[in-house]
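In the part that follows, the structures are each spelled out as structure tokens.
Shared chain: chain A. Partners: chain B in the first complex, chain C in the second.
Let's look at the complex of A and B:
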């Protein structure tokens, strides 16, 4: 499936859109990159032709198009010297593209319809373009930007507490991480890049394991044909995603908190720490449900899967990678 | 202004295409055009002032429902709602206290398209009873070509402020029913209306075969066996039942045999069977583009 020429073309187009935005000289060319990104992502969503995936792709297209319309109108506003209106519309458009709260409802209904590899692309690669554009304009927004950051942190952490679908859990976790990313981008681009890459490294093994064992709900963990001693690796990587030391996921949060506190933004740092606690709780709950019910033997045959080399490498990087802070 | 545009500018182009369903939406209301069912010809027109008064009467109840939903969302641990393997979680229990407002019973005679009759009542043993008379006799109006169905189904669940909701059966693998039939075959229908109108009429069906006789039977049907239809037509592209988006559950009697039918139902429940790994029982062959289903 992933090696069909048409899908490779779409993946190359997504990469091209990223390079287009990174090297664009104007806002209009950046908008072009965003459109290319949307266009190229839609066939990836429709690899498996079910009514749910069709529904998700139409919802994705409509919301992204709305956001693009707002961005194009903001370009017109800049052209007419109405900078305040243009800045507001641009912020709203980019926030919709990112799925940042309070514009996050579309990403929840779309995420439910996707398979795990495409969901990983939606939660990581699709965020690069709007984040980079946000970094370019972050100095113009002030308080409205702060509201979006706080809402993303709060919504992502609190709404994840009542979810049982693993896809929605990962999506809410992504919304919460989006709040952290937006803060890091508003300080320094390289901090945002570092956070983003570590988030990708930490998220990838979790999603790979969910994909291999086809886990859609948190009561399916104990159904995995996977020995408990190896399952602990999965849950340590989930805790790494939650930002718990001594795992790699703690590193970017540590750096950003240090900068936020040194700048005197104590209220922000309080919200960030509290939001992290809530996200850590629902990651831990996944672990509890697996290990409480995992002791019973439900299967007569004991055929246990083992993880591939790439999966093991990503897991080890996620769990043991904290000493990388020496190189930051 | 809107009435002028729709009646004078948009409408003539529609007439030229000979479309006779109501594409021109009345300017005094905003509603989605139905894609199925029968028009209610006896519907009373309510003035806007009366509609506002009726709405305000229900406002207090809806706010109360909303606060209860928020409290439940804050206090309920979702882990407690997760299915445990081997347990049957009852969805509907049919007994003397059955609330008939939650069920809609229909047959072909409702709109003068046949002569079948059906009722949902309480049986002498205190369980639910779906019974009636099936008749395949056609009404002589020149329009009806097939007749003979009776159905009862659950109404769509609603949240506060009349928002449509779903039954969330995710995590379960089997539908379990304790029934006592008369030897006839019935059709179980799961409504899975989608977000967009092309999917509003999507349903999943499977047969319920009954033994008849004095003994109750427990039918355990995996969701993977259900096949998808849209407006009654079986679809070429089959997919698993979207268990997190179930809108209704119904049973239909239409096995083309004239005569009375009787189905007693004790309960309808759900079960998680960890050994059941099948997602869809219907193989999908890869066909060239522009063949069926594309």
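Let's look at the complex of A and C:
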């Protein structure tokens, strides 16, 4: 299923769009790359033909097209010497592509309809392009950027507190991480790249767990039965996503917080810390219901899943990888 | 458990004692000391593990090991009916190790390790029997000792100011010339451990421990750790602290002497006599007679442990009762124990040529020479007389009083394991008096006193003996009609009440309010209930605005774009 030729074509197209955007100095070619990205991602969403997948793909297509239209208009504005309008429209368009708040509502609708691997690609790979474009064509964004960042952090953390669907939980966490990413991109590209890669490494085991057990709602958490040692690994990987210190997920937050505080942006740092506290709360609630409050006595499920070697490697990287700070 | 475990441990400690004794004699005669140091580096503060073996520590070690060896042999039979003897022997061994560690370390960091170990293990030993009395006694013990620990912790900060934690490396002129902090801290720590006047409540209360524990811990080792600390830190103490110490030690001696006359519990009387002798030791230190105080420490340790062991045999004999009014006429049933106990009592009083005479008489005579004033000397003599009085009272009630007594006594004296340690300790305490005196004071001090003062001690002892012999024949019910004075003295000058409820009632009263009103009241409401319901309400409001329809998404986008454009213009 996964390795049919058409799917490989789509994946290669996505990769080539990334290369295109990473190497283009002009807005127009970057826009071209964004379009290629959209078009190549659409068939991936339609692999699993459920009743919802077509709805999600249409919403995705229309929203991304709207964003691309906004980017083209901003290019026109640049040619017309209306730089501030161009800048803000460019920012708005890229934010819609990213799924940053206040333009996040589409990604919630779309994420609900996807299966887990495609959701992983939506949450990670699809964000490379707009982020790079944000860094590449950035000028003084002004207060609009700050509003976007703060709203992403606040919306991502507070709205995640009452979600019951795990897909939406992961989406809100990605919105919150988007806030952190935008701050890191505005400082230094290397920090943004680092944050992004660590986010990918940390998110992968979590989504793998949800994929293996096919968990869509938080009342299904007790169905994860594993041997006790592997349960601890899964528990710790979710904590790593939340940014707890001895794990890898803490490293990017630490770096960015240090830079933000050293620049004197204390209000931002306060909002960032509070938002990560809220996200950590709902991760903890998730893991407590999954691993500590045992519900498995009700259902004697005898299916024991075994993790492959690659999965174990990803898990352990997420948990033990903090000494990478020595190489940063 | 091994059948001969107690004997093996006892034998090992006995051999160690002989080794330490020989080393102590060698070091004393050659006037050398051995200082071992393992330096761990460290910038401005010199961290090192140090051990000091001089004749002071070696003699003290040998006395501690001798007493603990005999006490462990004794407890083989004393605790044989107890099923938890594993815990007991481990605790006693831990105690001995902590004491040994304290004795041989000149380093304030390892002193506090030994000191804390002593306090903690003595708590575990006092709460050995599971009763309410033991539990409250243990709490009083450990919290009073904890005050001393805090003082030593504070003094560690003072040591770090100089740069070295060893007490040998002090340069007194630069820092300590007008500074009273460090001497005061060390003195308060020694006062809590040796149960001087504000902190005396724990020593009689700690008699809830088993008798071997009292013999080892509360007579000779734990309570003398404070005195030992002051002897080691003798270079620090200056005249203003020492004057306070004189007053406090005299008050302690007087209080314990008077209360011991009113007390009827045998072990409490012996505890109060320990307290009185500790006061005597502190008194000697306060007159800068450090060597004499050390000598008194050693000899007192030996015969006080002997006294406790004999008391234990008597208690076993009359079936477990500790009240002196249940004893009576025991001299015929326990001749060996009676003679050893009498020997111990006589050396406590200071009868000539027994161990206590050498130390006590030297203290008294030297105190008459360099004392602060007449009143202090009078108090000292009064306390001497009180010592004789309560010792003779104890002997009277146990052995010669034929009006009381129990009809059924168990023949504890047949048990070699109980009597053996008693006899050995008697021999050692008899021999230790003169031998320690000849070792530690090779040159006698010149004492010039008027004849009245010279004979004062001896004559006081004889007069008190005659007075007590006379009092034993008459009817003493008038003693109970002294009303308030009786109440004051009998409740130990209200010190147990002050140490317990007296200092905590206000805090507990206020914290009841904090608990009921805040912690189980408003904080429950605000933190537990409101912090969950409020985000839920807000979130449900917000989620109502988010539908899944694409039109709504685009309308929201348009609104934000318009806001952005308005902001720009």
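Rule of thumb we're sticking to: the second predicted complex is superposed on the first by the 311 of 328 C-alpha atoms of A that agree within 3 Å, B and C clash if a C-alpha of one lies under 4 Å from a C-alpha of the other, contacts with A are read in each partner's own complex, and residues count from 1 in each chain.
We take it that contacts are C-beta pairs under 8 Å (C-beta built on N, C-alpha and C of every residue); 3 or more make two chains touch, one makes a residue touch a chain.
Bear in mind the structure is a predicted one, so any value in this text is a computation, not a measurement.
Enquirer: Once the two structures are overlaid on chain A, check if chain B and chain C clash or fit side by side.
Expert: Because the two structures are overlaid on the shared chain, the partners are seen to clash.
Enquirer: Please indicate which partner A:32 is in contact with in the superposed arrangement: first for chain B, second for chain C, both, or neither.
Expert: Neither partner.
Enquirer: For A:72, select first, second, both or neither according to whether it touches chain B, chain C, the two together, or no partner.
Expert: neither
Enquirer: Tell me the contact category for A:96 with respect to chain B and chain C: first, second, both or neither.
Expert: It touches chain C, and chain B stays clear.
Enquirer: Using the superposition on chain A described above, determine whether A:220 touches chain B (first), chain C (second), both, or neither.
Expert: first
Enquirer: Just checking: does A:108 make contact with chain B only, chain C only, both, or neither of them? Give me first, second, both or neither.
Expert: Touch partner of A:108: chain C, not chain B.
Enquirer: Is A:59 contacted by the first partner chain B, the second partner chain C, both or neither?
Expert: In the superposed model, A:59 contacts both chain B and chain C.
Enquirer: Going by the contact rule set out at the top, does A:193 touch chain B (first), chain C (second), both, or neither?
Expert: neither
Enquirer: After lining up the shared chain so the two structures overlap, which partner does A:162 touch, if you call chain B first and chain C second: first, second, both or neither?
Expert: both
Enquirer: After the overlay on chain A, which stretch of chain C ends up in the same space as chain B: 97-105, 187-195, 421-429 or 529-537?
Expert: After superposing on chain A, the stretch of chain C hitting chain B is 529-537.
Enquirer: Across the two complexes, what residues of chain A are contacted by chain B and by chain C?
Expert: 58-59, 109, 112, 161-162
Enquirer: What part of chain A is in contact with chain B in the complex they form?
Expert: 49-52, 55, 58-59, 109, 112, 161-165, 216-220, 223, 285, 289, 298-299
Enquirer: In the complex of these two chains, what residues of chain A are touching chain C?
Expert: So the residues of chain A touching chain C come out as 58-59, 62-63, 66, 70, 84-85, 88-89, 91-92, 96, 102-103, 105-106, 108-109, 112, 143-144, 158-159, 161-162.
Enquirer: Along chain B, where are the residues that touch chain A in the complex?
Expert: For this pair, the touching residues of chain B are 73, 76, 78-79, 81-85, 170-171, 194-196, 199, 202, 237, 239, 242, 244, 272, 274-275, 293-294.
Enquirer: Write out the stretch or stretches of chain C touching chain A in their complex.
Expert: The contact residues of chain C facing chain A are 535-536, 538-540, 542-543, 546, 548, 550, 552-554, 556-557, 560-561, 564-565, 567-568.
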